[in-house]
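Shared between the two complexes below is chain A, which pairs with chain B and chain C, respectively.
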Partner chain A sequence: MSAPASLYRVLSRVVISSSSCRASLSSAASQKHSKRNLTSSTPHSARKEDPLEETSLTIRSLFDSKERNKGTFVAACDIFMKRGPHRRGHVEFIYSALKLMEDYGVHKDLEVYKRLLNLMPKGKMVPTNIFQIEFMHYPKQQQCAIDCLEQMEMNGVMPDTEMEHILRNLFGKMSHPVRKFGRMMYWMPKFKNASPWILPQVVPNDAFELAKMAVERMCTVDPSSSITIYQTSEVEDALEDTWIVSGQSTVQQELLEKHPPGESIKVEGPFRIHLRNKSVGYFVLRAEAKPKPPPPSRAVIDDVGSIKSWFTGELEPEETLLTQPCSVHEQEDGTILALCVTGTSGRDSLLSWIRLLEKSNPCLARIPVLFTQASPIGEVITVEPEKHHDEITAAT
Partner chain B sequence: MFWERDQKGGYGKEIQKSRKELIRDGLKELRQEMSKWKEEMDEKFAMDPVFVRPGDMDKVWVLNSKEALDQWVVTCDSDHNEGRSTAGLSLSPTGHGLFSGQLCTDPPKDGRVKRAGYCNMKSIRPRKSFKREVYLEWADYNTLEIRLRGDGRSYMLNISCAGYFDVMWNDMYSYPLYTRGGPHWQLTRIPFSKFFLTSKGRIQDKQALHTPGQGCVPRHLLW
Partner chain C sequence: MLLPCRLLRGVAPQRLWLGLGSRVAGSVNSVTSFRTINTSPRDASTPAVQHAEEESSSTEAVKLKKPKRAPFIKNLFLGRFDKSVLEFPEVLDQDQHELLHEMVVPIEKYFLEQVDGPKIDREAKIPEETLQGLKELGLYGQQIPQEYGGLGLGATEYARIAEITSMDGSIAVTLAAHQAIGLKGILICGTDAQKEKYLPRLACGDWTAAFCLTEPSSGSDAASIQTRATLSDDGKTWVLNGSKIWISNGGYADLMTVFAKTAETLPSGEKKDKVTAFIVERAFGGVSSGPPEDKLGIRGSNTCEVYFDNTPIPMENVLGEVGGGFKVAMNILNSGRFSMGSSGAGMLKRLLSWSIDHAVNRKQFGNYLSEFAMIKEKFGRMSANIYAMESMAYLTAGILDGQEDPDCSVEAAIVKVFSSEGAWKWCSECLQILGGLGYMKSYPFERYLRDARILLIFEGTNEILRLFIGLSGLQTAGGELREVVQKLRNPFMNPGFIIEKGIERFRQQKNNPKLDLDIAGHLHPTLQPSAQLLEYCVKRFQYSVEMVLARHGQAIAAPKNQLEVARLSDCAIDLYAMTAVLSRASRAYCIGLKNAVHEIQLASVFSAEAAERIKRRVKELEIGPVQNTDDAYIKIADAVVENKGYVAEHPLTRTFW
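And now, the complex of A and B:
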């Protein structure tokens, strides 16, 4: 019993000594290299933290270009492609490329995704029997291709037949990326045009175009709506020179005509409407809600309508033909009379909007219009440079 | 990989109370539960048939009071330090439920979370007497109707139908809820047949039909 115990003790001592030796070595190494700033993270993140830092050992990657656009991205891929027939490190290259796609503005570009997947070597990874198929032949590479497809899915990019050919040539027809491709091609077209308010795949960055899209979208509630584009320079002594996209329907014009001249109406806003990843602030011309007309009374005894239903024991639904139904604009919290988005969202541009509305609605001259002081959505939030909050007002 | 340890995937809070406290709390609720049970038994013996005629509409949730809002739970990714989104459900000045907050899609830099940014509004699960879990009885209905005033973003409507076995715990039927935005109210009608089966956020290949008679717990998820 004593022999193994002593052997164990000796062994453990050896282990301890070797570990201590390693520790001392590593500490020495860390002391030695502490000034070198070895960065083990991706080159991009290192660049982001301190772009000016030039150390003696800096990893230069293909994605270090100053100009970040599709051209430089594709050029980086091409350089990698020409490095040799083996394309060593293609999985790592694709992963780092996927991370940077948004910075380069190519995350919604199908062609670039195809180019990335084309970097993988063809033929080598095609499985030859069913066990290889089911147990994920070349798992790292297949997972990489799946992650690439996943990123496409997250960005709403639909693959095409060429993509299928690329994947089939890489991993065979029953591989996991091809199955993922099949799922994407089944589900993505179903939701591509499912929204009743269609928007382009990439919404424009221009505030005026966005404003037009926003007002058009909000005006779909009433088919009789028309959108007018005004320039504030049309109004005399307007302080701001900007555009106004105004939406008003004929129903709203009639409601405005019926409005009693003594009662004031309000211009409220800016409220926010989102168009994909952009948002626009809009203003509303609103009157106070009118009380609903009283329902017809059932006091008359001879009224046959008040006989109880034999089936449910309840009264039959009331006759509503005689009362005029409310329009969509007459809501419980107010009557919406017009909508607008202005270039500056300033107080003066709203004043110009009311002046310009007077041309099509002469009755506005007799109605007092109030402007609300505070924005109902709160103050503009300043974001820290690292955070990208979803709520960035584009048009305000 | 092949089985689930926990119904909530490890996110639930552990009960910190002692057994004695639990018994005391349980006995406090005994009276209410008994009266609930009595009502259920009365219903059972009355055997009133339920007639649903074509065009009938049943209001399940009307978010117009504080009590109605208490039937809902709001969660977001900052609850578990997995993001920076915040959300809340309050009563608007006009007396309607207002689901509002900040949505931040930046993942935290912890090297674990890949994507972030969700705010979720979920109705609490209906229960029978003695806290037995039940489903909402929606078998006679075929459409979900929602009246809302959106902000132009797309939301996800999830009907959770957690089954008995662990593979069915995360079953959900989902469909996107598109909102117009603007000051007008919007009425959206989604047939139940349009909903697709998902589990843990992934669409399933085999779209199992929703068993009639099994009810649902709708959740509204913001993305």
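And now, the complex of A and C:
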């Protein structure tokens, strides 16, 4: 009983190793090319050419489905998996799958990467001595796994412990893919939380949600900010019916209150703010920069003979200079009094915004508001909300 | 002089106090011999007590010549130590002393027997008859001169009475709101007509006073009030509009000191808003008050909002000058604070004896609580703290009574900060000694703890007062150190001066200042080590003041430098406490008071610890904000503010699986 079994094992081993050897030989020419393609191209540019045309050995038929989504992608992997115990050509299969992942919209999906790596046979490629470890046992397979990890890294997909187990079972604990995994696990969690403004892994496509996120992010500059959502329908004779996400802080309200009624203020924009791979156009209400009071001179600071504070009496405005710095909204190029994102970015919606702001800032009624023609990022065009649901800024 | 004593012996106490409290100004001339009750040396110069010579002209003559001295703490910022403070003040003469102690007995009796603290707390109201009793005792006019029907007490006597009235927080606050701040404005800067008109009614308690400064938008920042007073068209009355919040006695006060903005035309023709103080009677009309607030402690005191709707105020009811209200407010508040030291000490002394009572009766693990060193330590530290509180309060009161035109604003603030924090901490520790029992409503500890909490907040929060202490001192020091600081801040322009200063500072930088003040020479030799410590601290304090001024210049007043100012004021607080404690203990030992050795112990241990604290703070000032963790905490706070809350992730958060 044991003799035939062991014989079978030996035979199958020969078959598998020879097949993988053959595969590695035949695809050696294409590998250099495919690797460069993977690392140097951004996901966007990769979309233009059909990656299937470029390799000499590809497994086309499995990825020919009309409908390209996670379901069909996973189904393709499953079919390949079921082809038999040897899974011949798995390296080629994984390379072509990697290239097509974005088309299928699974390039940010950790589960799919795991599934791809699971296609490789377990146990067989684990090195048994230090020479094998150091000289890249099964180099083609290891390189394939590294490329897979590389693509994950490019797409910001952080591996997890299960991934480590897969890689260890494939190539052993000291192999190059596991080392690459280690480096990724050192850096990626740090980068993942590096931004103080946390966004979801995939930002929503909804313009309104994006607008709220954008305004919220910009309002973090002043903790006293509050965000209000208006509907233009609240304003009489508004032409456009859309929403407005408006952000203003109490400090800004005070600045607006202090603004001399004669001087005009401007609505400017749209400026662009990026939220991951989406962008939102926003508008600001800006007053001309007031000349900042000159900072207290050296001579004044050096003179300790006249220290003033609240208990010495009611301070003159110039005496508070030393103790009250300018607010963050008073910048060199102007004083930002409020900001907003509207559903259409149209001029009428901005007019509605000003009208709505008047409710919380009665002084706006006395201040002339100008709407600037020129936009820093191009002409302002009112877009139909239903047509361009996800692209709310005007085209450049 | 003998008459009141005779009266006291002959008449039932309550009868006597009724007489004292309800006396009106007109009757003063007929009852001349009552003047001895007016024990305040300050009033010796007022016209109504000219008949002094009838009795003891010699003592009167001595009293009239009160010494004029520079403010103690402000001068300490310059390293000048006024050694006259080391003689613990004895401002009361024999008669005053006896009278005070005879006065204390019925008040104490009244509080013990007639005042039901738990009930006041529970029902959040002081019963009318309790208030009536207080009025009959004359407690509504303690500091009002006798000519206006008050008791005419000096600061020292007032502080002594405050020790007793602190038996109930609500009553103490009601009384304080009435006379420490409510009517103090009339006493300090009222015209004779205003005094004639209002003080008699206030003294007997017919009228209650309140102090209206705080507004929804202006708490500590008194200059930013919104209430407005405008001159009527005929120019004869002011019309007051606005609202005030958290007014103690606001619900029933008949007279209020109200602060409001008035427009003032500058010589340049520009209009400017200035604060003005007004005396407003409720009867003027347009005054209404909201429902009493529900509070954590001092629940029996009446605190509510007060609204003024076109309240007309006659011209003669302006308190002080038009536009000079800010000064009035500061003067009132500064003068009202010193008594918190004695009331805090009074409260803690009672709590201490109650918790000792528990500790000697409760047995755990076979030992009485009083045998445990950790409990003993609490008693010991608490005693030292009470000792310091008392000493500071009566030292300050003594300065107020015994000096000509004293400036005790900083000292009073120090007393307030030190005693309010002590009261809160040691109240809590007393409760801790009782453990679970202390937490129960059936014991008074939790009530006192709740009542004590307000002490850190009202009459200027402790944070604001720390700035006040520090900046007042720095202001004084800055006036004199102007040239020095200018040179220190421009070292390359003044190389010779810097080298000179470096040599001068050599010992300071080695933490070994030259002790040449001879403080020990003014104290009993037993206290010599403590005196040396005090001297060392004074020198180090002077050094740190100069260092801080040179580091920041005038920008020391900027909000970002508050931590340094607070450190300086903490040093000043400890220095004043040390001075007070040593001066009192030295006096006690010299004149052989009972338990004087115990006082020496208290004083030595307190000064040793205070000196350690000062040493640490000066070190922190020396090494600067980067090394003393100030900067680190500022950064952390910035992040927290930006995040609008706690920033760190939850300990269970994971970034990956």
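Criterion: the second predicted complex is superposed on the first by the 287 of 396 C-alpha atoms of A that agree within 3 Å, B and C clash if a C-alpha of one lies under 4 Å from a C-alpha of the other, contacts with A are read in each partner's own complex, and residues count from 1 in each chain.
Basically, a contact is a pair of C-beta atoms (placed from the backbone, for glycine too) under 8 Å apart; a residue touches a chain by one contact, two chains touch by 3 or more.
A quick note: this is a predicted structure, and the numbers were derived from the prediction, not measured.
Within the superposed three-chain model, A:Val284 lies in touch with chain B and out of touch with chain C [touch as defined at top].
In the superposition on chain A, no contact is made by A:Ile79 with either chain B or chain C. Residue contacts after overlaying the shared chain place A:Thr220 against chain B and chain C alike.
After overlaying the two complexes on the shared chain, residue contacts for A:Cys363 are found with neither chain B nor chain C. Look at A:Trp187: by the touch rule set out above, it reaches chain B but stays clear of chain C. Judged by the touch definition given at the top, the superposed model places A:Gln331 against chain B, while chain C stays out of reach. In the superposition on chain A, A:Leu339 contacts chain B only, with no contact to chain C.
The contact surfaces that chain B and chain C form on chain A in the two complexes overlap at residues 196, 220. Contacts from chain B toward chain A in the complex involve residues 84, 94, 102-106, 115, 117, 151-154, 176, 178, 180-186, 196, 203, 205. The touching residues of chain A, counted against chain C in their complex, run 158-162, 185, 189, 192-193, 196, 220, 223, 296, 300-315, 322-323.
Of all the residues in chain C, the ones that touch chain A in their complex are 220-223, 274-275, 326-327, 330, 467-468, 471-472, 474-475, 477-479, 481-482, 485-486, 489-490, 549, 553-559, 641-642, 644, 655-657. On the chain A side of its complex with chain B, the touching residues are 154, 183, 187, 191, 194-197, 214, 217-218, 220-221, 271-275, 279, 282, 284, 286, 328-329, 331-333, 336, 339, 381, 386-391.
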